[in-house]
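The same chain A turns up in both complexes below, where it pairs with chain B and then with chain C.
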Partner chain A sequence: MNGSNRAIPVWTLHIAVIAALWAAQYVLPDYHHGIIARVMVLACFAMGYNILFGYAGLLSLGHAMFFAAGLYGAGLPIYHFGWHVVPSFAFGIGCGALLALVIGLLALRTTGVAFMIVTLMFAQVGYLMTLWLGEWTRGDEGLTLSHSERIIESASVFIDLTNRDTRYGAAWLLLSVVLLITVVIARSPFGRVLVAIRENEERTRMLGFNTYANKLSAMVISGAISAAAGAAYVLLFGYMGATFAAIQYSILPLLWVLLGGAATTLGPLLGTLLMFYLAELSNDALNAWFPGANLSQIGIVGAALVLLVLFFPKGILGTIRERWLKWLP
Partner chain B sequence: MSFGPHLLLASLEGLVMAAVLALMALGLSLVFGVMRIVNVAHGEFFMLGAVLAWFFSTMVSGNPALGFLLALALSPLVVGAIAFASERLVLRRLNYNPEATIVATIGLLYILQQAALTFFGPDARPVPPPFNYRVLLPWFGYSGYKLAVIGASLVLLAGTWLVLTRTRIGLVMRATQYDSETAQAFGIPVDRVYAGVFALGAMLAAVAAVLIVPIQQAHYLMGGDPLLLSFIVVIIGGLGSLRGTLVAALIIGLSDGIISMFFSPTLAKMLATLLVAMVLVFRPQGLFGAAAR
Partner chain C sequence: MAAVKPLLTTRNLSRSFGGLKAVDNVDLDVMPGEIRAIIGPNGAGKTTLVSLICGRIEPSSGQINFEGRDITRMPAHKRVGLGIAYTFQITSIYPNLSVFDNVALPVQRMSHARVSSRGLDASVMHALERVGLADEAGKTAGTLAYGHQRLLEVAMGLSLEPNLLILDEPTQGLSDGEIENFIKLVREIGERATVLLIEHNMDVVMQLAEQITVLNFGKVLAQGTPDAIRANVKVQDAYLGTGADD
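Let's look at the complex of A and B:
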């Protein structure tokens, strides 16, 4: 597999990345400060996706439903019932985990292409449901959380999530926790079993592992992390809308993970970061070169997917691991 | 209008829907059956067919029938050529690996959408029907063109059926579908069959789009709904089973027409999608398909 099991370089690298992201907030200009906060939250989504796709080898085309479960699971109770931030964040994660459990129980009965289509269909049902329950969710238009609804306040603490620096800090904290969870999973016996399932499920079963239970656990963890990203998104940026449940938000984490490198711990973060800036920069540049061509993100996403899958299937960190750094988790 | 005529109108609308859906789903089913890949970009080939129909119909002035016939002849050819090229340039290089091809066709979907947005624009544009004739039923008048769509679709379906079952090309395709390795061993150029099937599938979607575009305007995002519906049809009918696909298209088209006339269309779509996901989970061979080989 990954050559050796070197603990020191692995942990050093991850702590260094986390530290660098913390330090970045003091040097970044305002505009990039906001982007990086958003990228960190979305990277958590990608990391959740990576657990299922990268490690367990299950290509889901419906992860938007878990992100949206966290988004609405956290946002709607605040908006409609005046819940506080912390319980609704937990509730959002719970919604995602429960949904992942139910979907997993059903969808994991299928394999290969059928699994992709089943998850796609369930996510489509979820998307239609956000439209159908328009009275609660306001569908495409979405809902905005007010300033006062995004404050954690008790006797001793006062945290204002709408504040620029607090928002960065919260996103950073979530990212750090999720990244460390991913590293622990990747290095644990459970993670090794997932990789074994990806490489050869039949053989893993013959060795006495319960592949169904392991895949289901991966699905629930993946769904919970994606939901955590969704819940954090609504709390930090104050907006929830049906677009986050649409098919495009199932494809984006796939793209980010493919670009950064599937089954690498840092790949999702790198992929999200690069893709975000690529879309941002190329959009402006291309529209300047070809005025009136209506170039949008969809074209870049499409071209990136085709090029990646054709010429660069292992992604950036996957290639680096293959060529040089065999110990990368 | 009382319930009876209302139901008749809904059924007629459903039949038009079913006719177009059958063509499109047949293309998807053919590609899945022979090549064992899921073509997520199928809806965009449908969209391209409609958008090209608009281009061709605006190139000819005078009688709208001329422009329509030109579109009917040329736009499937152009779409077929695009599909052929993308098969050669992308899918073949991936060795038809199911996961890689699904990602690639998702990419293709977005690229085609972007191309349509760039060259066609974000607006919906109408294509005039080739003739305006109303069939006067005792309760309401009904567009003769819509009835013609049903007829044309039946003719095309029958034609495809004949090609598949009675000709040498069909034999080669069925042999490849049944066992591609043995087919290869018997000297069938499996590689070229794949490219042909992919182009044929896209052409069926394009023909369906040209037929529907005088009823429904051309728009660069119009591929999504038909894609989902044809997935539903192909799954209910059994992946890769052509007869099942036709039966399922009739059922889905009719029920979609009737349900969305009497109930909320979003709810109808939601329930249908959920039902189909359950079919795929519990009866992967489809409701009408035989057990998997």
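Let's look at the complex of A and C:
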């Protein structure tokens, strides 16, 4: 009758998805191999977004700042100070968590549309900072990490993150960890409180829950996961640029989550995967049909968002859960 | 009775909205175990008064004590921890969640130690049985009949194991049969907890209340036993004779 009794199918499903993604690397052709690695990292970003938007019901329009905090938090120390990969990764996550805490303390004093605008504005400040600090970040042009800067090396281990298979493995590991964290949160008392806040905050407060503290926790977890995705991105793909702090990287996770299904554990992954391929294919198609028109995939993204909200508000897995699989977390 | 200290006291409690004094210098003493009804014409300040007590809104001035502690500035969620539970005048449940999950939240709030999911299940089902909703546990709360939604809200309040349960017009919209069951339920609750009951239905008030406080224009007009209130001329003028339309 409730989620907690369905532990076996839930865990089986998630382990199966993780296993399938591991197996995929052995059958995928080169091109798709690379795409899936990228999708897995970006799906972590979407999962981080989903904690706040899907479960707690807080629509942020500024998550690019958390992704970028991880991206630059991990990348800049490597580039400028020669840090090693592991501490940089941890530092990137820390930057995102701290930023989310500070932004949360301020933005969570508002709700609804005001919250959207406040997060949007903070993210714009973040974006402009990446340009303003151009001496360090090189702004739009960005910075590239060299091969030697992306190697984890000690007495007993040698991990080369530029290697195709290692990169896939690292992305897979991050995705698995974040996915399992999401499942645990969704099924925990904390997850239930977040959903309760989304559904009826006043009632939740009057049942004795500190809704502000719970929302702040969701914000920090969401920011930390988004930053982990950003940090992984710079380490695995070797590039950081101001584009990742721009508005479209705040809209994309929203779109991925909406497509896959908000407040479902696997929705962000599915949404990211489908949207990535949709954008790729439509980009090719647009260029083939209208050569020289220089049309951008961002239009496709916008159209998809409008269609989703109008006709498919629960997303793919949200609809499946509603119709058939009630136990889906 | 003189030796027993009141569970809840308010002193000079006031709240204004703009120029309107919704609650005006109210002194209240509620004894432990008492079922206290608060009655008064529409707009008399009943809901505002209990909202001040449970912490939904802040007083403009005055003081609230609960179990001898000053809780005037305490946030609402902490008052729940002290044992003050509130059920809303306009039914406030989680319509998109299952009946089970609606009650699982307050149960989870009360289990300070980590409970097993089986322990949670048992506590939730027990609360639903008390209000007669055990068979509906799997349904989506929003699909329940209105009367059942009211009962669900009471079950949520009960699950908080309150010392003071505030019921804001709980029988509004219930059928006669449902009201009868409800009276039984409140009596049962009243054996362990103190109940503050806002109610328009005078039959329910007269059957349940041990003490009645009558509010009018935000002020206490009268207070006493049901018989004393019934005999009070001021109350008859203000309320019972004319305003008791439902």
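Rule of thumb we're sticking to: the second predicted complex is superposed on the first by the 322 of 329 C-alpha atoms of A that agree within 3 Å, B and C clash if a C-alpha of one lies under 4 Å from a C-alpha of the other, contacts with A are read in each partner's own complex, and residues count from 1 in each chain.
To be clear about the criterion, a residue touches a chain if its C-beta (ideal position, glycine included) is under 8 Å from a C-beta of that chain, and two chains touch if they have at least 3 such contacts.
Here the structure is a predicted model, which is why all the values come from computation and not from measurement.
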{"item": "First, second, both or neither for A:I15, with chain B first and chain C second", "value": "neither"}
{"item": "Chain B versus chain C as contact partner of A:L128, first or second or both or neither", "value": "first"}
{"item": "First, second, both or neither for A:G299, with chain B first and chain C second", "value": "first"}
{"item": "If touched residues of chain A are counted for chain B and for chain C, the larger one", "value": "B"}
{"item": "Touched partner set for A:V86, first chain B, second chain C, both or neither", "value": "neither"}
{"item": "Chain B versus chain C as contact partner of A:P189, first or second or both or neither", "value": "second"}
{"item": "Touched partner set for A:R205, first chain B, second chain C, both or neither", "value": "second"}
{"item": "Chain B versus chain C as contact partner of A:L325, first or second or both or neither", "value": "neither"}
{"item": "Intersection of the chain A residues that touch chain B with those that touch chain C", "value": "none"}
{"item": "Footprint of chain A on chain C - complex, ascending", "value": "54, 56, 75-78, 80-81, 85-86, 88, 92-98, 100-101, 104-106, 108-109, 117, 120-121, 137-138, 156, 160"}
{"item": "Residues on chain A engaged by chain B in the complex (per definition of touch)", "value": "59, 61, 106-107, 109-110, 112-114, 116-118, 121-122, 124-125, 128-129, 131-132, 247, 251, 254, 258, 293-296, 298-299, 301-310, 313"}
{"item": "Chain B residues within the chain A interface of the complex", "value": "36-38, 90, 93-94, 98-100, 102-104, 106-115, 117-118, 121-122, 224, 228, 231, 235, 264, 266-267, 269-270, 273-274, 276-278, 280-282, 284"}
{"item": "Contacting residues of chain A [partner chain C, same complex]", "value": "1-2, 4-5, 189, 192-193, 195-196, 199-200, 202-211"}
